[in-house]
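Shared between the two complexes below is chain A, which has chain B as its partner in the first and chain C in the second.
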Partner chain A sequence: MTSTTVTPARSGFSLSEYITCLNGIVWREALRFLHQRERFVSALVRPLVWLFIFAAGFRQVLGISIIPPYETYILYEVYIAPGLMAMIQLFNGMQSSLSMVYDREMGNMRTLLVSPLPRGYLLFCKLLAGTAVSLLQVYAFLLIAWFWDIAPPTIGYLTVLPALILSGLMLGALGMLISSGIKQLENFAGVMNFVIFPMFFASSALYPLWRVREGSPLLYYVCLFNPFTHAVELIRFALYGQMNWVSFAVVGGCTAIFMIGAIYAYDPSRGLVRRGPGGGEA
Partner chain B sequence: MTATDAHIASQPAPDADPRQSAAVRPALSVGKISHSYGPRRALDDVSFTVAPASFTALLGLNGAGKSTLFSLVTRLFGIQSGRISIFGHDISRAPGEALRLLGVVFQPRTLDLDLSLTQNLLYHAALHGISRREARLRSGEVLARIGLTDRAGSKVRDLSGGQMRRVEIARALLHRPRLLLLDEATVGLDVKARADILDHVRQLVTEQGIGVLWATHLFDEIMPNDDLVVLHQGKVLAHGQVSRVVADAGAQDVNTAFMRLTGAAAVSGRPAS
Partner chain C sequence: MWRRCLLTGVSAWLAAITPASAFIAYVSNEKSNTVSVIDTDSWTVTRTIKVGQRPRGIEFTRDGKFVMVAVGDDDTIQVIDAKTQQIVDTLPSGPDPELFAQDAAGKIMYVANENDNTVTVIDLEKRARIGDIQVGVEPEGMTISPDGKMLINTSETTNMAHFIDTATRQIVANVLVDARPRFAEFKRDGSELWVSSEIGGTVSIIDPVKREVTGKITFDIPGLRREAIQPVGIGMTKDGKTAFIALGPANRIAVVDGASHKVTKYLLVGQRVWHMDFTPDEKYLLVTNGVSNDVSVIDVAAQKVIKTIQVGELPWGITIAKP
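After this line comes the complex of A and B, so read on.
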């Protein structure tokens, strides 16, 4: 210590300071979302195209046997609805991280990171804010899907909420982790191709896993170890008022791992966020 | 970090403690800081202090290491070697306490262009845990101070460059810091806007006792009574009151002193002071 006196520390932060900070971050994310109406529309159009066009065409090709949580034969549209809900969250998670890369390039990220509150907490708030936005999108989708005869039990709209929050956190944390490794906005398109599409197609979103197993045992195992599969299944079961404990454990575990990884990556003393003088941050 | 200290949080800011002597407690202390980007050394054993209620100019050409130094002080980069403290709080060990006392204006614009002035200020206040009601009060005050009250609801995008800078300074002061860092805050502004901003910041020093570190490469922004840190190729070449640095260099003005110091460094390869 070179300094002889250290000012008495106003150490720690009060609960109300933490809550104010969370409110502020969610509020800003909501404002940004409201300013980007195209983003909302495209977030809705994407799953609806799958529902209205892809599912309608595929209905005759793929028969779905009675598998839990369904108790009767179901239409293909009904089967893929939870997968499309998870897809909305997947895109939203990646888009939130895209906005983090953008914020970093534009300098807005500095405003967040020089806040005196613990950096892990700031990132967690950012994650919650992104998840809240994804919930708005998913429920808007469910409303439209209801007119398309996709009508889960009424209680399902409530029981699916915790599942959506958890899956939203997992996919948001994954996006955040990825964003820490991206130096520039242009690199993001590649990540979309390498992350979103493989995750979506190698999952139970579009076809049940027993079907996949018949076609390719290897792909079956890939799907089984894909966290996105478990996000889909967690949502699917919750939408029908049931609990899938395995998926819950996988999604919860992955959320923790991705979150810790993202906090680690954004920790300045570890410097995984490499930004040299030529990068966006210097 | 715990969240249990509501009573502590309601105490006055640490520097308000009358038992502490400002003389032994620099607003900013940078000690033996070195930083490299791979093989390239951006900062080499940099040490200096900024006193409370002082205007310290950090003078250096582009690429001298000023922005790297700012990134280290604001914890955007991790410290590789050396230590930095703000009013005695080590930024690695007590980042919360240190950052609470720090306001910063970065060289790139960091306002949200699509939000209004007030919305930008409220967001910043929330990040410092300032309640919405208090934040509204303070936003009104700082906007009045910079003469932009009537633009409070305008989008930042619609402001001029000088106005944006003033908003950024107002924002940096919203949580009432005791140390203000400005990284080339007048770059890209016209002569009048530059002078206005410089006057405003100097007023903050004399009227509110804020310690200011003003990074610049423009000699005419520096006054004889300021403190001066000359940074060149990652090294501190001189540190002290401007008039003394100029005299020590045997020069008539800052411009010549800077040229002599950097010229000497280029010849000897070592700091000239």
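After this line comes the complex of A and C, so read on.
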């Protein structure tokens, strides 16, 4: 005779259960990152190529204007450093969304989603894990940039941390939202062309907005409404120990919207991806 | 042990947050015919004083009570009371005074008059002109050796540094330097005289005893044409270990090692950087940027530009009271 144990239905979970879940997801992401040394190197090489090669040819581009948060004239490489930090996070956000597509294709996501904890919480943990990885990359970049004479005030290395966490969450949530709509890994190239490049180039990462406005008023407004611009500006101000409230509000608001969108999209009953007859992914 | 650590930490923190004693800097604005007064505590312009036409050379009197400013197009030197910040007097220079130097006691002043190839000697106590010295064409740079025996004047068109005996007021030697010498500065120990050549793009190092050029500082900034590098103002720390040279339209200050005469760093400042002065504690160096109409503040120890302050049009000279 076989006996079956019936687990009584539970209304909630303890804090330690939440922490175990968070720990599991963050640790898995960290291990994955540490095992992929090429990913770490490529995440660093990309901004460094911009810094060492692209910026070298544009040293005089900023003209005579002193723009906040800077209090004096700066070289172009100093200007683009916050933009490149945000670029690291943008690529990282998209890459972790790519890993979600991979997980879904390989079936690993089922393991994650069988967890009884709320789906929104699972996604948030995944987001935090991705942001933590991006922080490692950004600080490694800042260390190398320091040797390139990009030395913000010492306190800036600390004050930039909350800004990086918030912008990392926003870009990660955006990646998550996008990943919910991608059925196959191959489609990710489209994300590159339609999301990463337009977001990066139509922002204040490479040129200050006053300079963009001189060239094209329309592009100026596109840049102004690009959340990535505000992520860059939030990081730029925080790196110099200052607060940009407008950017903070935009980045905070966008994080919430993208996160809610992602939770909605990953809900099997309402999700954006059409499911197969058995409820699994098509 | 931990108490000592804590105490050291707290005192270091207190030292860091305690504001440095404020100094007052006066900047002559060549085009707007004004002098901007800058508070070095708040780094703001606290007052703008209307002066004569084309103010350039500017310096505190040795007692720190007055600021003298050469107003070239009015052919005179105006005296500003540092307390009331009002013009209280004028000094009799020759036509178009540009730069000037005072002796250590602050009694005699020598003025380079750009338009009549003379240096005017003024008795500061009597505020009277007591003599003229004929020099080369377009005299400009003026400095006195630390022992007070030799006055140096550079003439822009003759391309020479003239050595003038302060006792006899006669030229005793002429040293040929590169084109358009603008400024001269002695090391505090008197071992070297540095002369900047604007068109030549060099700073000549002169042995004041032998009265000959012993070396030259050259500049090379990647991405900039050689013609854009035009050395003008020179600032040297009291210990002679570090010098700062304004490179005009290169928009850079070159940091030069005082012993090896090698450029160690270039600092980006505003457009057409011209003259400079240290705060008395040598913590900061303030430089005037003529075309961008501002003054940049350099942290001397960190060798970093920390701030740029908007002043009047075409800022030229700067002076900070020495206690």
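Just so we're on the same page, the second predicted complex is superposed on the first by the 264 of 282 C-alpha atoms of A that agree within 3 Å, B and C clash if a C-alpha of one lies under 4 Å from a C-alpha of the other, contacts with A are read in each partner's own complex, and residues count from 1 in each chain.
Going forward, a contact is a pair of C-beta atoms (placed from the backbone, for glycine too) under 8 Å apart; a residue touches a chain by one contact, two chains touch by 3 or more.
Treat the numbers as computed from the prediction; the structure is a model and nothing was measured.
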Of the two partners chain B and chain C, more of chain A gets touched by chain B
Touching partner for A:75 - first (chain B), second (chain C), both, neither: second
Answer with first, second, both or neither: which of chain B and chain C does A:18 touch in the superposed model? first
Touch check for A:31: first (chain B), second (chain C), both, or neither? first
Touching A:66, do we find chain B (first), chain C (second), both, or neither? second
Can you give me the overlap between the chain B contact set and the chain C contact set on chain A? none
Which stretch or stretches of chain B touch chain A in the complex? 1-6, 8-11, 13-15, 17, 20-21, 24-26, 29, 31, 37-38, 42, 63, 67-68, 71, 74-79, 83, 85, 87-89, 92, 94-100, 102, 104, 106, 108-112, 114-115, 119, 122-132
Within the complex, which stretch of chain A touches chain B? 2-18, 20-21, 23-25, 27-28, 31-32, 35, 106-108, 110-118, 121-122, 267-271, 275-277, 281-282
The chain C residues in contact with chain A across the complex are 223, 251, 268-271, 291-292, 296-297, 304-308
Which of the residues in chain A come into contact with chain C in the complex? 59-60, 64, 66, 71-75, 151
